[in-house]
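Each of the two complexes below includes chain A, the first together with chain B, the second together with chain C.
So, the complex of A and B:
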């Protein structure tokens, strides 16, 4: 194994040895001479990415954590304030409401997204004319290619209280006009619906992949044992799909925690603070109120939540996920 | 004996009839979902093709039967859409090409070259994916401001070029290519650079196109970074320009805003039609499918 990959960095000089193949003793020699020759070579390949990430990702992460302990408005010099930013942020009612909103949003949106995606994926993967399967798959995938900003722009018109298509459709079945974007509950519902509309296709794709990897024989065996319809899915599909479900839920949760575009364009966080999210308060404290230290503190808290969820994924996958 | 043979056959008929019903039921449910997904997009298209005065016409029409292109003319007048398109294309194109080049190089090094600390370095690259961009945006903004690049397109392009996900994707791709190719190239006297340039890079084109298409799709639609990094309207990208147009017009001429939205969707549609497979593979890569 190691000799095979070593030959990849061999140069002209070791050509003869390479030709003779990996006989014992020689690979060690050639490896040493290969390293002495161009030990810097891999670093030339790596330089653009490593330098770029160092400047634009790693340093900013360190700076962000450091900045969380300072008070800084760009204009005057930063002053060290210890954990003050965290204390203020945790007590700030707007920040609190925004984190609560975000958690509520994540729970409802992710549940809807996964439920829809799983149901539709099962229906698409069962017996169906091939052209219909292709059509449905493309249709459900389609919103993913649009920009969340554009989607929010046209959805705002569709959810207009007086002239919107949504309320018009509801009026057909006798439901009076819903004040979608002017009430806290209505706004939250619109943000969730628009977000799920655009993102369920991603979980759908993951579930399609997971379903395709379940061997047909498993279903045949289940049918022989008398399992039909729903029971087949509850006892065969769901357990065998659990690795996919775990990945899909973690990715959906992490993405939903960072929601910004939809509430920003649809509601600007209102009415009141009813649709303000965690990332929106980062944006506002940094770029509108110039409290960069506080913004970083909120960012650090959000990152810790995301890391905790990722860590929990690894724990859970060991315990509950059923691998074949 | 005969009864035991015929009975299952009869059951099968019943079963099949039941299955026909369930197929029909599924098609109805799936079609309903497809209508809910595609309906809003069709409404957007057909409303953009109606005169502004009829924007809020109810019952709505979902098919543009008598297309009217007034709104499209208006978009060009009310919004400097040519500049927006050029900005978006420049930003997206340069990021995509930059990501393809840097990810190919780094992915190749992680897959095919040996060096001390390879595993550790790769873990660090992967770990950076966990930190959301919104968290690093404040220091990145300071940095960009510090080097005098604030309110330029470069402020959007440079930080987006190094890509952890692209590097991961290309490493996977290069590891899937046969190792004997390098051996053969070495026998033929090719230098390591040439081995990469003339043997591996051309073979990795499908992987590279996934990186490029993903970058295009993400950055063409990006809203958060342009909102922070650009200040003057001449540096806006399409999504930002459209949102500010909607803000300026209120609910006055919806069809004009929607015409802009439809125009901004065209490149994404092209990708959807010709690169759907690559996009799907890219989006689900690294999820252990």
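So, the complex of A and C:
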């Protein structure tokens, strides 16, 4: 319903537009849009970002890909070796194991991370009073802002076989000391545990946001149709949360594929190669063995894997993600 | 009014663009000086840049030496740059990063772990300077054991002068020993005596106590046991050459004949039966609850654990004394003994000293620093407390350990005199890869059954072959 004043304003605006149009129609005095008059203008504003990304992102990526075809130890001049680095990397059993470890880590850690985040998000959103919700949102996010290296050093003390608090607590209930960091199974479990504990907060916040955006009416309609709590989550919450789940899973997988800090500080990749990851091997190749070409080759392979997995996720999302 | 508003909008846009341009230019101009090398220590003023591993506090602690050096060489400006690192491997990585960035230091304090990497790729030999200043350096070599010097020989040339060092001796908690009803072990105790000692300690203190705590590192881990058993995980050979040094400075030393042009580790040796035997001994200690299963790279908490009386024995060198004192251990709370004998009683040691970089701007000035740092005056300034073992025999005395050190502190330097075949940490130029290969297989080797041990040593052999594949 329009008012008299609305009509006046609209009339004035239309008139103004007509006047500007008339003026624009005069020969030699064509009034063009900013973009037409100054086509370089957008580039001026984009320049800082383009230059920054070019110098700090694009050029290093190009240099890294190029380096994968050279043998270089920092000290001597690089020499072109073609695909030799890729061939050596593929044949190296440590590299193969590290990629397998990384994939297994991603499967377990991401499943735990998303499952825990979703479960806690539903619990916090539905079962807790508002003031407690605020507390838990902060509490669950808090580990994410801590330094992964500091957390890992601290956890290393907690999980020490002889003098760690964890084994001391277990001993109180009669459980013998567990060699957490010195057996393949124990060390893998601790690395996953520490990683999930520190990272699930981000997925948790995404799910909290996703849950808040689901209309209450949908649940009311489901209730009217006789859906109970569990069914509501399966048939309403999960489908409507699928866009959030897609974003959370893509980010969680990309992060998990790049895991480094926790295994490096907690176990140094051991015992054996049991917790050695792809990024650890990149670090070791470059900065310990001084084989920067091989490190770049591993980096290129890892990047291609990340791109392939992410593309597959988006392709699958067409079938499994429901937008309201 | 409308027109004026439109004009204002146009002007403000131009003004904004102008301001943006001016801002970019201004920022570039303002920040330009920061992009030069003047902010990098030692650059821009021709100072001699010295890199040491440590914190800013460590660099500040060296200021007294820098001041003393300035009195002797007022024409040479020196800047000490402390680089924080978790271990020597990490420190060398950071030095290499500086090399890659085009800002290498002139002189670097390098430990045995990196000695051959630097000698092969980065460092300048000291031979010509030593020949030139032989008369001056005579007093230094008379005070320093030749084993330490030989560790810095590489292919017949000397690349560093040892400043400090440490052998892997055996520390023990005197109270734990007394509780077990034992006396101080004999100087020539063997590995079985050692095992019996651990068993007695375990019996006396069944819980919250570890008779033997050891770490999974190149120094003080499995290597001292391999040396004692007359073997190593790498085949050890020696290069020819170096006679010029031994004949000049150690002409009267009875061990002169066994000295060489430097150590070489060219092939893996993990499939040697004596290596298996040594690992099996450690596996037995772990299995019987006498020794810990070592964590990779562990050791940061070791001083605290030992000082809290929860560890019976552990391998370490003189570098522990100051830390234990600060952690509250009294002189009689602990003591030190030689590492147990097996087929031999050869010990493992690590040493450190300054290396002049090939890229040093003024090598003569760098040599003056190296020479001054090896003087008694400089070393007394640098080592006022026993947080390492000075390379000069004359400094390892009652005064250094008074009120802090173990009763048998003489064990530290006697290790070299009594066991002259005592050798350095096996660290070829590919040390980082070699250390990684060793560390990753040790835990598995000592944690399972005999079959797992065999498998871990096979894996170690393969990994070492891979690590050594590229001979520099």
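The criterion applied here is as follows: the second predicted complex is superposed on the first by the 272 of 324 C-alpha atoms of A that agree within 3 Å, B and C clash if a C-alpha of one lies under 4 Å from a C-alpha of the other, contacts with A are read in each partner's own complex, and residues count from 1 in each chain.
Here is the rule we go by: a residue touches a chain if its C-beta (ideal position, glycine included) is under 8 Å from a C-beta of that chain, and two chains touch if they have at least 3 such contacts.
Note that the structure is a prediction, hence the values are computed from the model and not measured.
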* **Touching partner for A:287 - first (chain B), second (chain C), both, neither** => both
* Which of the two partners, first being chain B and second being chain C, lies in contact with A:43: first, second, both, or neither? -> first
* With the two structures laid over each other on chain A, which partner does A:181 touch: chain B (first), chain C (second), both, or neither? -> second
* Asked: Which partner does A:197 reach: the first (chain B), the second (chain C), both, or neither?
  -> first
* Which partner does A:79 reach: the first (chain B), the second (chain C), both, or neither? -> neither
* Is A:270 in contact with chain B, with chain C, with both, or with neither (first, second, both, neither)? -> second
* Does chain B (first) or chain C (second) touch A:247, or do both, or does neither? -> first
* Asked: What is the contact status of A:157 with respect to chain B (first) and chain C (second): first, second, both, or neither?
  -> both
* To do: Tell me which of chain B and chain C touches more residues of chain A.
  => B
* To do: Name the residues of chain A shared by its contacts with chain B and its contacts with chain C.
  => 41, 48, 74, 156-157, 160, 163, 287
* In the complex formed with chain B, which residues of chain A make contact? -> 4-12, 14-15, 18-19, 31, 35, 38-39, 41-43, 45-46, 48-53, 55-61, 63-64, 67, 74, 116, 120, 123-124, 126-128, 132, 135-136, 138-150, 153-158, 160, 163, 165, 168, 197, 202, 205-206, 209-210, 213, 229, 243-244, 247-248, 251, 254, 257-258, 260-261, 264-265, 279, 282-283, 286-287, 292, 295-296, 299-300, 302-303, 306-307, 310
* Asked: In their shared complex, at which residues does chain B touch chain A?
  -> 19, 22-23, 26-27, 29-30, 33-34, 36-38, 40-41, 43-44, 47, 55-56, 58-60, 101-103, 105-106, 108-110, 112-115, 118, 121, 124-125, 128, 130-132, 134-143, 158-159, 161-164, 167, 179, 182-183, 186-187, 189, 191-193, 195-196, 217, 220-224, 227-228, 238-240, 242-243, 246, 251, 254, 257-258, 261, 264-265, 268-269, 271-272, 276, 279-280, 283-284, 287-289
* chain C touches which residues of chain A in the complex? -> 16, 34, 41, 44, 48, 73-76, 92-94, 156-157, 160-163, 179, 181-184, 267-273, 276, 284, 287-290
* chain C residues touching chain A - in the complex, by the definition given at the top -> 2, 13, 17, 20, 24, 89, 93, 96-97, 99-100, 121-122, 210, 213, 216, 292-297, 301, 305, 310, 430, 432-433, 436, 439-441, 443-444, 447, 456, 459, 462-463, 466-467
